[in-house]
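What follows is subunit A paired twice: with subunit B in the first complex and subunit C in the second.
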Partner chain A sequence: MQEVLKIENLKKHYKPRGRVASRSSYIKALDGVNLLVPEGEIHSIVGETGSGKSTLGRIVAGLVEPTEGRVTVNGIDMFNSSRDKVRDLRKKVQIIFQDPYGSLNPRFTVKKIIEEPLKLNHVEFDRERITDILRKVGLTPPEDYMNRYPHELSGGQRQRVSIARSFVVNPSFVVADEPVSMLDASMRVSFLDLIAEIQRERGISMILISHDISIAYYLSRKINVLYLGRIVEYGNADDVVNDAMHPYTKALVQSVPKLGKIEEKEVEIKGNIQTSSSSISGCKFRDRCMFAMEKCATEDPGLKEVKKDHYVACHLY
Partner chain B sequence: MNDDFSFWKEFKSNRKGVAGLIIVGFFAMMALLAPLISPYDPNATNPSLFLAPSSSVHIFGTNTLGQDLFSRDVYGAQISLIVGIAAGAVAVAIGLVAGLVSGYMGGLIDEIIMRVVDFFIVIPAIVFMIIVAALLGPSLINIIMVIGLLSWAPTARIIRSMVLSIREWPFVESAKANNAGNTYIMFRHIFPNVTSVLYGNAMLAISAAIFTQAALVFLGVGNVTSISWGEIIRQAYTTGALSSGDMLYVLPPGIFIFVLIFGFILMGYALEEIMNPRLRTIKG
Partner chain C sequence: MIKIKDLTVSYKSRTGKVRALDSVNAEIGNGEIFGIVGESGSGKSTMAMTIMGLLPRNSLIEAGSIEVDGKEIIGLKPEEARKIRGKKISLVFQGAMNTLNPLMKIEDQVAEPLLIHREAKREEALRRARETLEIIGLDSYTWKKYPHELSGGMKQRAVIATAIVMNPGTIIADEPSTALDVITQVQIMNILRRLQREMDITVIFISHDFPLVSEMADRIMILYGGKVSEVGSNRKILEEPGHPYTRGLINSVPTMTPGRRLEAIPGEPVNIRDPPEGCRFRPRCTFAGEGCETYSYKPVEAGQGHLVYCVKYGEGKNAGSS
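The block that comes next holds the complex of A and B.
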């Protein structure tokens, strides 16, 4: 199968604000990430706040330039191609934002919001195209919504508009950055189903960014667990969740609230995520890891294929 | 259009706004209907009426040329409103563009614009205006331009601070991800979201311009041959009417200036309250 998105050794380092910084004190939001998303698949990026997952999404959408590495979509380099090619690529890569309140301009009507990507990308369109996509995302009858302003819509309806805006240009790749985290829990599954339905019908490839591994598990084929800018575990969604190997992944799986009997926690993680500068040697997770060994402080665990198609970066394996 | 309707409803229930609107409306009528209201030609002289005191025919008396002061006070509203509104518009337009560009582009451009703003805020504007107006000559257009060009800085600063927060909203990113250019984002996305502050600010700019125009004319800068409130007070001062205590010569134009400015300021505050939900009073 052909890959649509290919990310190679992606790095994004931020200079700490207001300081004369040496290279080593740069904050490493992303520190050598590789990713392959084949046509028509959804892959997830899972990690907590500060793991670099949103930076990854913003780079793929062309909003942030990486410090190092290559991002190609359909074989075209996102950051080192001609202007026209990059413009065309941006049309094909769309992003769904987390915040249904901030992602819609309060002064635009629904119609204007959805038309915007078409107009900006010089796509010819008729009224039908707008009503079709509104119907698709469940805003029916479309005529009732076209002339409304965002403040006249509920949070869920706004997010539907946001999804419609992302899909109206027929993208070949979509970055969904926490698409349901700000919605009521009762609506999440139906939204994920909606996104998956449009994705399947149109054969769109996607990356889903989430802090909630259960959402990733529900929607995606493969899961990448990101910690401080590094992928620490990668594999089929089933394997990563049911056979989690990295202590961090185990903790993420355990953090999903379960109904019914309460199980004893197998893994405990301490403290909060640190900012990642290269002052941390060896494994970046070791400060919080209950299994940390001497080796973890000195040697950087690389991503190894521990089982078939299941990669882990941990000295335990 | 729904928006406009509810705006008008809000405005009607805002006491400051209604008071301001009545005041400004009163003076606007006075300016428009001046030929009908004033009993005499404001420029007609009558040598026999040298500083005539108040009487039933000349309620505010006359000046040294025997011109009817009441008529001149009525006509004076025209210049104040024209200069105030036009200079206010110039100031707000420049301040808007400067604030948008400065806040959105950031970096060196922001730095340069903000240093220019600092310059205009720090220098004593009236002194600068006297010099510029004296150099350019006293036509009405020149006075408008001088006041407008020298009073955009506060608007620019307020707009910039709003732009700094609006440009970080995801809808701006969404447009960027769809190849939107800077000009498009500034004027289509950010501009509609700063208009709320702009209206209130425009009212304050107008009131400042009215005062500045009167002050400039009083100091002898600007067109001293046209009828304006500042000019009437200047004449009162130069002919000694002020020191001889002819209050009906000085007080009416002074009070008009004060009340008109107050009217615009009231409207400005009302618009700010309506547009900025955080200032809205809670209604039962």
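The block that comes next holds the complex of A and C.
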């Protein structure tokens, strides 16, 4: 199978605000991430706020430049190719944002919002292309929606527009950054089903970014768990969730609310991600880990294949 | 004991009157965790604000009563309302951690209600503030810190400390963990559980997150479009849900069980500016049919304390559980 997205040793370091900073105090939003997404698959990136997951999405969508590393889509280097090639590539990579309120231009009608990426990418199109995609995302009849402005739509309808906008150019790769987290719970499943349906029909490859591992589990084939800019566990969705190895992954899985009353919830983890430093030596998770050993402070646990197709970065294995 | 009867609250807007709560009844027993589930437009936050007496100016309590320990609290004079608000019932809401005063040390903020209500002198107030901070798991090193020095989860804990320092009988937690990370959420939930278990505080837990409420609550009320759609014990609601909406919520929970298909609830939440006739859930309901358009929200008793607001309940098509 051919890979559509290939990420090698991706790094993004930010200078801390308002300080004269030495290299070592840079915030390492991404610190050596590798990723392969084959054609027609959805892989997800799961992590808390501050894990670097949105930075990763933004780099893949071409919105942010990496500090180091290579991102290729269909074999073309996203950041080191000729302008023409990059422009061509941009057409092929689209992003769905989390916030259906902030990501649509309030002065554009639905028709104009959806035409915009086609125009920017110099794609020839007719009215039918717009009505087709509107129908596909469930805004029917399309004529009723074409001339409306975002403020005339509900939150769910807006997110449908933003999905239509991403898919109208026939991308080969889509980054879905928390596509359902702003929607009411009763609508989430139907949106996930919609995204999966379009993805399957068109054979699109995708990364889904989510803080909720249960949503990642539902939609994707593989899950990458990201912690402070590094992938700490990677494997088939079922293995990562139901046979979680990294203490952080275990905590994420445990913290997902399940049905039924419980007296107390045990999550084996200390502190929180904000109080940890991304420039800590050894394992970056060690100050929150219940199983930290001496080795964890000195040696960086690399991602190792511990079981078949199931990788983990932890000295316990 | 909090008794809510026929509570109807509306907001005035440029386009007319919007009814956010419509004839809602509820009885919340002492020492229980009472969960209220609802999505946007369900009226769940309006309910919290009405109990707290914090409704905005453009609102109107059209009808109904709220009794706290046998005393009516709707229509109280401001100075009398203050004796209840913060003292008998307090509130923690979504993003409350951002309402901490950035120029005040944590312990001073937690002590402030005691000083305002003249419950204690400064020294005594500080002592009680520190005690409360310890109960909710904030160690002494945080006491003299300013809000910007703490993480979101720690700030939300400080807010909870502020809410319970007066020893209220009831705390309303309206989406207390929504802006926080999943792991921090677990910690906040455990604190609320401990308040109920160890300090015998009644917790009214409000959230859009049905599984989260099911993990917390002894009894669950499900609101939809300003109306109650079902209320009952946690076990009854989960094992014998009577309302199609409740079943929809249960069937769409991503439980991470291999091979399990999730069932989506069709459509979008009701627009309360323009609600449908009869049952509010009707346009999204796969069981909708005769009688739903004229449904007057007469509940069916499905068991002791288990009320289902569905005209089709028990009628073959809608009889089985999920």
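Criterion: the second predicted complex is superposed on the first by the 304 of 317 C-alpha atoms of A that agree within 3 Å, B and C clash if a C-alpha of one lies under 4 Å from a C-alpha of the other, contacts with A are read in each partner's own complex, and residues count from 1 in each chain.
Methods note: contacts are C-beta pairs under 8 Å (C-beta built on N, C-alpha and C of every residue); 3 or more make two chains touch, one makes a residue touch a chain.
Just so it is clear, the model here is predicted, and its values are computed rather than measured.
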Partner chain in contact with A:Gly156 - subunit B first, subunit C second, else both or neither: second
First, second, both or neither for A:Asp193, with subunit B first and subunit C second: second
Touching partner for A:Arg107 - first (subunit B), second (subunit C), both, neither: first
Touched partner set for A:Asp212, first subunit B, second subunit C, both or neither: second
Partner chain in contact with A:Ala185 - subunit B first, subunit C second, else both or neither: second
Touched partner set for A:Glu143, first subunit B, second subunit C, both or neither: neither
Of subunit C and subunit B, partner touching more subunit A residues: C
Partner chain(s) touched by A:Asp99 [first = subunit B, second = subunit C, both, neither]: first
Shared subunit A contacts, counted only where both subunit B and subunit C touch the same residue: none
Residues of subunit C defined as touching subunit A within the complex: 39-40, 151-153, 181-187, 189-190, 193, 197, 208-212, 214-218, 234-235, 238, 245, 248-250, 252-256, 258, 262-266, 268-269, 271
Contact footprint of subunit C on subunit A as seen in their complex: 48-49, 154-157, 184-190, 192-193, 211-215, 217-218, 238, 241-242, 251-265, 267, 269, 272-275
Interface residues, subunit B side, partner subunit A - complex: 3, 169-171, 173-180, 184, 189, 192-193
Contact footprint of subunit B on subunit A as seen in their complex: 58, 61-63, 87, 90-91, 93-95, 97-99, 102-108, 116-117, 120-121, 149, 165, 169
